[in-house]
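Across the two complexes that follow, chain A remains constant while its partner is chain B and subsequently chain C.
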Partner chain A sequence: MAGSRPLKSSPLLLTSLLFLIGILTLAMLGPWLSPFSPYEIDLTQTNLPPGLAHPFGTDALGRDLFVRAWGGARISLFVGFAAALIDLGLGLMLGGLAGYIGGKWDTAFMRSVEVLYGIPYIMVVLLLAVILGPGVFSLIVGMTLTGWIPMARLVRGEVFRAKEEDFVLAATAMGQGPFRILLWHILPNVMSPVLVALTLTIPQAVFLEAFLAFIGLGVPLPRASLGTLITEGARESWYYPWQLFIPATILCSTLLAFNTLGDTLRDMLDPKRGEPAPRPLVRGSVNIPEIPPEKTLGAPLLTLEQACVRFLTPRGELPAIREVSLTLQPGEMLALVGESGSGKSTLGRSIVGLLPKKGSLVSGKCLFMGQELRLPRLGPLDQLGKPKLAMVFQNPLGSLNPTMQAGKQVAEALVSARMLSWAAAKDEALHLFKEVGIQNQRRCFFAYPHELSGGMRQRVVFAVMLALSPSLLIADEPTTALDVATQARILALLTKLKTTRGLGVLFITHNLALAKGWADRVSVLYAGEIVEEGPSRRLFQDPRHPYTKGLLDSIPKLDADNPDNALFALPGSPPDPYTLHKGCAFAPRCPVARPYCKDEPAPWVTLEDGHRARCFAVKEALLL
Partner chain B sequence: MKEATRPKEHLPQLVVLDDISKRFYPQGSPSFEALSSVSLALYQGETFGLVGESGSGKSTLGRIILRLASPTGGKVYFDGRDVFSLRGRALLDFRKKAQVVFQDPKAALNPRMRVGTAVEEGVALGGIAGTRAKNERVDELLEHVGLQPSHAKLFPHELSGGQLQRVCLARALSPSPKFLVLDEPTSSLDVSIQAQILKLLLRLKRELGLTYLFISHDLAVVRVLSDRVGVLYKGRLVELAPAKALFKEPLHPYTRALLALSPEFWDASRTTTLPAESEGDAEKTHPECAYLPLCEEPLEACKSRIPELHEASPGHFVACQPKA
Partner chain C sequence: MRPARSKVSLQSRGSLWRLFGRVIVMLATLWVVATFTFLGMRLIPGDPFSDPKVTPQVRENLYRKYGLDKPLYKQYVRYLGNLSRLDFGVSYVQLGRSVNDIIAQGFPVSAELGLWALLLALFWGTLLGTLAGLHHEGRIDRYATFLAALGVSVPSFILALFFQHVFAFRLGLFPVAGWEGGIARFLPALTLSILPAATIARLLRASILDVLRQDYIQTARIKGLAHTRLLVHHILRNAALSVLTYLGPMVVNITTGSFVIETIFNVPGLGKHYVQSIYDRDYTLVMGTTVFYAALLIVAMFLVDIAYGLLDPRIRAFGAKER
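The block that comes next holds the complex of A and B.
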């Protein structure tokens, strides 16, 4: 639940909460703060303006408006809270049971709820006010008679989702009864949206009560809610504006505070809060000036020099990438290997300029075909002329437009990137489908993304990418969501494109075996730094950095007879990026760490064939 | 159960699956068979590796054994008793003995519950009463899986992926089970952490005499851990053999393709022609081998009947036409 940390980090939440507490306290204590009674008529003191004796003035019968206003607020808030809490109770119980039991009971419940929901809310309330006579009780009954339905639907939906979660399955496997599971495992996890809905239901009920009072169906006189006071004040507003202004202000600011509270709570309890919003872009593309051909000859496709990326987070500055330098030649596949949190995806995104604009600091040089890339790097696709840089992500479904046929998406990319006519683009799209290894091109052309298998989707993404005919592809775990067979097919396709089109590929992966099998060169990333790099074959045959060694040893060995010997486990876990020291980040886990490894940055040691490692131990071994 | 998979050895059987089928009826799309007539037996004390691609039905099978999903056909026996006819105390007893560890430890733990409480729930189920005794057992379990008792007070989001998977293991062990379904327990973890968890699994099995059903798509991991391996393809068991035999001499063309394509097993064979990808899963009107469209050496007979498991060599079963 919302602890003290989010409270501090959101002044809006704190303000609205404090304001509401103030209003509630005044509504509770208000009548005791004044010597007057709300019903005491004093015809010698009528329509007095706010003053010392009567802070809010008096009304036409000389009653003190201060006590009446806070007494009215108490009635209004009581109706609001009571209605909302009854809605909550009914909603939690009925919605929770329907969602948890599911099946036929759920269907029956939902259908009957939909019928009830068809009756206009306000009609029910009006009808009950007429039948039961106006009063607090009939108001609450009227409001809750159908008012619980939205809450029940919300709870049902949330419970429905939560009961499929693994931890609920685990609790079932643990032999726990349905009520314990519902109370301990499901309900606590659906409370966030329910809490938000609650904070929004209260002002709704308060407002409805005010409206009913305005049309004469509120609490009966001489008791007065805020709505009654506003109605009375409105009549005299020309001569005595404060009689309207004061209760109206109390009502409006209370409603506003509740809504603000609900809004900030919703933002705060959203699990995606703080993460960059998902972007609809399939491919980031760079606006690059035409480069004369002689200038690009011989130059590496991509050069990073001392690239650094830091994120500003509530916990402080997070160094995600620390002084990374690398080069990529045309027709080469460079694998960027690292564990989660090593910064490999951040590096890929920083090249394409896909990092969140807010809170990320990028420094260093990034040369693409010898030209420096500058932010902002993204522009609308149709302005680009010839995009040369493309990016493919892990989840192909997120990269495709779900409402557009696969072929059309490829054709569209062709039309905008190569200025083809629609007919020519269609032919070319079919051709590209063939190139990425789709067999039934026509069928796939007219299929929507959800109708295709994971592997086929990723192929369509590759076809879109090819339509843009980039010279550099950044592939961020392009095969991780796929099974081994499809994985191999996709990588075989990339290898083919590499040779036939001279495509340079930056292949970001956590899978060492894939890097070993397919990449020409490999860079190993640990805690945002490259610790070792070199030609794939060399690096895997003769790893030098203790981290690379440990990582390779962690892959189960297949020839060992004793399963215990087949496994080597690196001790510890990757470091907390906030508390990195000056030296080698791997030192705390390193079996050969020297005492000074933690304090001094490790030196780069160059071995043969462009094989380099950054380690004191490697350097010392070389000197021996 | 069918003759083909009846155990030849005289080890006691712990779990027996007899002709299990599971059909799903998703809303708005045609129904499909996730599992078709799967029969197999798990012996006491062994690790049975279940391999298959995503969508092959391997997780569904694990859930059916645990009675977390019900089959459309067939029976599951645990310790000789029909799992789906268990009621009351007997069901609770089964829940105690058969536990599960899921793929994503983050999703498998209640985010609003301290991890110690999660483990304690199982301890209570195991029959230990009294706060003090329960706490001691929780501490003992946490230490057993390589955590500290102080971790009990933390919430899941305060632990790393590897530590969370250890908590899940501690929870699964809390009612003192004899059988664990491990549903891809390491595939969401980093390589260096994966090895730690696999070592832990090996140690726990040895110390506690557990039986594992190890479900994974990672052949290398399966090979290290398993005594016997079953290969699932589109809901059918296509091969079942002792781990060594299967990896040394795979018989089914699908197993061979899997081994050839799996990066861990594959060395510089970039020239391997990859079988084409199946593009449609339309249900066939007449029975034929599900692997037929991808098979490199199909026979005429494969088009007219679904091959059944038969014993090609002792203990090595395969569902493929014997080559002439």
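The block that comes next holds the complex of A and C.
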């Protein structure tokens, strides 16, 4: 199945493959398809245009160009395939050995390869063609003399990686011999990048052969490669354009097909392929409405009503967020907790408008300070002179531009959002650095992100976001990459901003302890749905939904000697989002599930203080 | 003003060592090329003076003149000595003609052509790559991607013939060949720029797509930056780094491309002389020029590598990428 799927999913791959098979067949059979010989000179039939007898016409000596063209293609392709296969053989052998043996031998190998690699490939081929005299043999020798090096480096790198894989380590531990391991365990795993390299080496060699033919170092006469034919045709191209046009077209389309095949294969085997396509940068802006100050009084900062996000994927529609409703007050921190894959980050990104444009379907209502934000959104957010949304991402290194000094990234936001001059922005940036607790502000200002520690980077990110003077901050796992002490400091900072600036914080986390310790309210997300929400203290003391209970029970407790506190693991695993049924998504894992839980949507049960849970069991317990 | 950093002295010492290592590797590469060429010259069938018309006495004098009567190792030392003084040898066929003469004559022309091609390639490549990357999977992307694929698949000599035919013969917009006047430079430079431009476009497109996935672009979006600022400072500046790795191979592509382009457009540059000496089978001239080209490219790639280290703040100079 894995073999046939890529062919179906990529028409480009299929087309180029079929085209190449066609060219190869013609190159093999071409000479038999015509009664003429490629070397037979007939001076009565010179320079004929393409016609019935001679489909490609004849040349200045009356030789049939049809057989000559396909014979030429055969020579060109032979050179290409031979060079590529020899490169492959040498590369696999030497690179594989160097990678497998490692140590001193590998170092020596890499040093010598580094020296050879510096020699321009094309000059080696040229020198060889001059020394040995032009010919198929010297071409192939020249091309493979240093041509195997990139392949060997590739294989060596892959072998090094594969050697660390568990299954290879296991095979070694089980006492399998090195050659067996290399052949059976490592080789199959290095094949895909090698295959791509191979597909791209063939056109390179074909190209080089034509190039050499053109500067007079091609296959010697009377044999003719495509390069030779093009060179000959070029001389007469003014009078007999087809003599140039036909071999040139064959050569170019073959090269194009090989390159397309290589590119498509590379994209296909690229591990990044599964990632969502990046958001295209299209002009257009989000309307964050101007809100008169009186309207904001007392109103919630953010309200989501029946928000749904679905992604269109090759497997079908993936419901990531299902009818989520929530509210967030100014100066409040709402924690959104759930396992990975529960849709927490998607929800955060959809509010700020950063979902991939292609393939995301968003519905529902999103009110920011009482005004509706349209979802999904386009382009850079137009936040000038308006209440602001800000978002902090999980990976502090990834969220800073690696090629811009940290301070400049803050100053830039100030210039753009508050219309400050650059000089004023710099002072203000240093100020913000102080506010987020950076000690040496000037040093940090001029440092590039990679020169800062993880905690510092995240502080810089906060400074960038504060530069926007936001009303709402969405913090997507802002402390996950940090150590515990830094975590606490960052959260203390958030709490401070909450009170001093009246900032509303949507704190997305999978860490229940953090949510318990810092959030005012908590919403528990399971499979894209909120299953329980309430004030932090209440919810953690008296969890009602079986999922929340399970989550809390799976936190290790310090007094584990007490048999009541034995560690508990939720049975089963999160559901496959493609096959959700109508009812409660947690039902299959639920210890108290009723038979009808699967089929009927569970009701919301309201408890005290805005504590709510969505569960039949909770409802029935309440009725008892 | 950049504040002093305590780590600086340690870092720069490390990079000096790396630089030293790189120089050693480069010298070793040059030595391999020189040795290879020297041995190759002995392998060439016949001997430049084996022409029967040359009398034994004259032949002996010629041998003495060129040092061919000495033992092989002395010839080798002499050859390396000459190379290190940047003397790339003489033609044994046309007496009095040396590689250095030809270089002095043709290299400035080739360098000018190469520079124009480089500028054009950067312009076209950046434009096409950026358009394609920003309109991922849109119509513009498909056209640009196809053009770029064509650009790397059509050999430069076919393009040259095509452009010459269409723009010079048929339309008469440009001179068919030659190097007189600014307008004559356009077609050769354009042809020479196509392959590097297409490669830049492909690299830049892939790199932009990669950059657009990064969180720092989302951060920049949230900042509400102006389009141009987002594009130039956040997207292009980061995407361009991966294109820099192509600068070395680009120099090679432009140089080797110049061989055929100069021949087709009759540009009096080094490349044309080089191809001519190949046609003439003037072996010593060919070998000398080849060594010159190889040395030029090796040094250029070395310089590009160093420049790359300096341009990417994440890479501590000369190769080591910080994790």
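By our rule, the second predicted complex is superposed on the first by the 462 of 624 C-alpha atoms of A that agree within 3 Å, B and C clash if a C-alpha of one lies under 4 Å from a C-alpha of the other, contacts with A are read in each partner's own complex, and residues count from 1 in each chain.
Just so we're on the same page, a contact is a pair of C-beta atoms (placed from the backbone, for glycine too) under 8 Å apart; a residue touches a chain by one contact, two chains touch by 3 or more.
Computed from a prediction, not measured in an experiment: that's the story for all the values here.
In the overlay built on the shared chain, the residue A:Thr486 is in contact with chain B alone; chain C does not reach it. Of the two partner chains placed by superposition, chain B and chain C are both touched by A:Arg443.
Contacts of A:Pro300 after superposition on the shared chain: neither chain B nor chain C is touched. Contacts of A:Gly331 after superposition: neither chain B nor chain C is touched.
In the superposed model, A:Thr495 makes contact with chain B only, not with chain C.
With both structures placed on the common chain, the touch criterion links A:Leu126 to chain C but leaves chain B unconnected. Ranked by how many residues of chain A each touches, chain B and chain C are led by C.
In the superposed model, A:Leu354 makes contact with chain C only, not with chain B.
Look at A:Ala417: by the touch rule set out above, it reaches chain C but stays clear of chain B.
Overlaid on A, the two complexes show chain B and chain C touching the same residues of chain A, namely 443. Residue ranges of chain A in contact with chain C, taken from their complex: 111, 114-116, 118-120, 122-123, 126-128, 130-133, 203, 207, 210-211, 214-217, 230, 234, 237-238, 241, 244, 248, 251-252, 255-256, 259-260, 263, 272, 275, 277-281, 283, 349, 352, 354, 358, 379-384, 389-391, 393, 395, 398-404, 409, 412-413, 416-417, 442-443, 446, 448, 450, 461, 464-465, 467-468.
The touching residues of chain A, when paired with chain B in their complex, are 1, 165-167, 169-176, 184-185, 188-189, 339-340, 437-440, 443-444, 453-456, 482-489, 492, 495, 510-514, 516-518, 550-551, 553-558, 563-564, 566-571, 573-574. Within the complex formed with chain A, the chain C residues making contact are 2-3, 5, 25-26, 28-29, 32-33, 36-37, 40-41, 43-45, 134-138, 149-150, 152-155, 157-158, 161, 165, 169, 209-210, 212-216, 218-227, 229-231, 233-235, 237-238, 241, 252, 256, 259-260, 263, 275, 278-279, 283, 286-287, 290, 293-294, 297-298, 301-302, 312-314, 322. Those residues of chain B that touch chain A in the shared complex are 53-54, 63, 66, 68, 91-92, 95-96, 98-100, 102-104, 107-113, 118, 121-122, 125, 160-163, 168, 171, 175, 190-196, 198-199, 202, 217, 219-221, 223-225, 247, 257-258, 261-268, 270, 274-277, 279-281.
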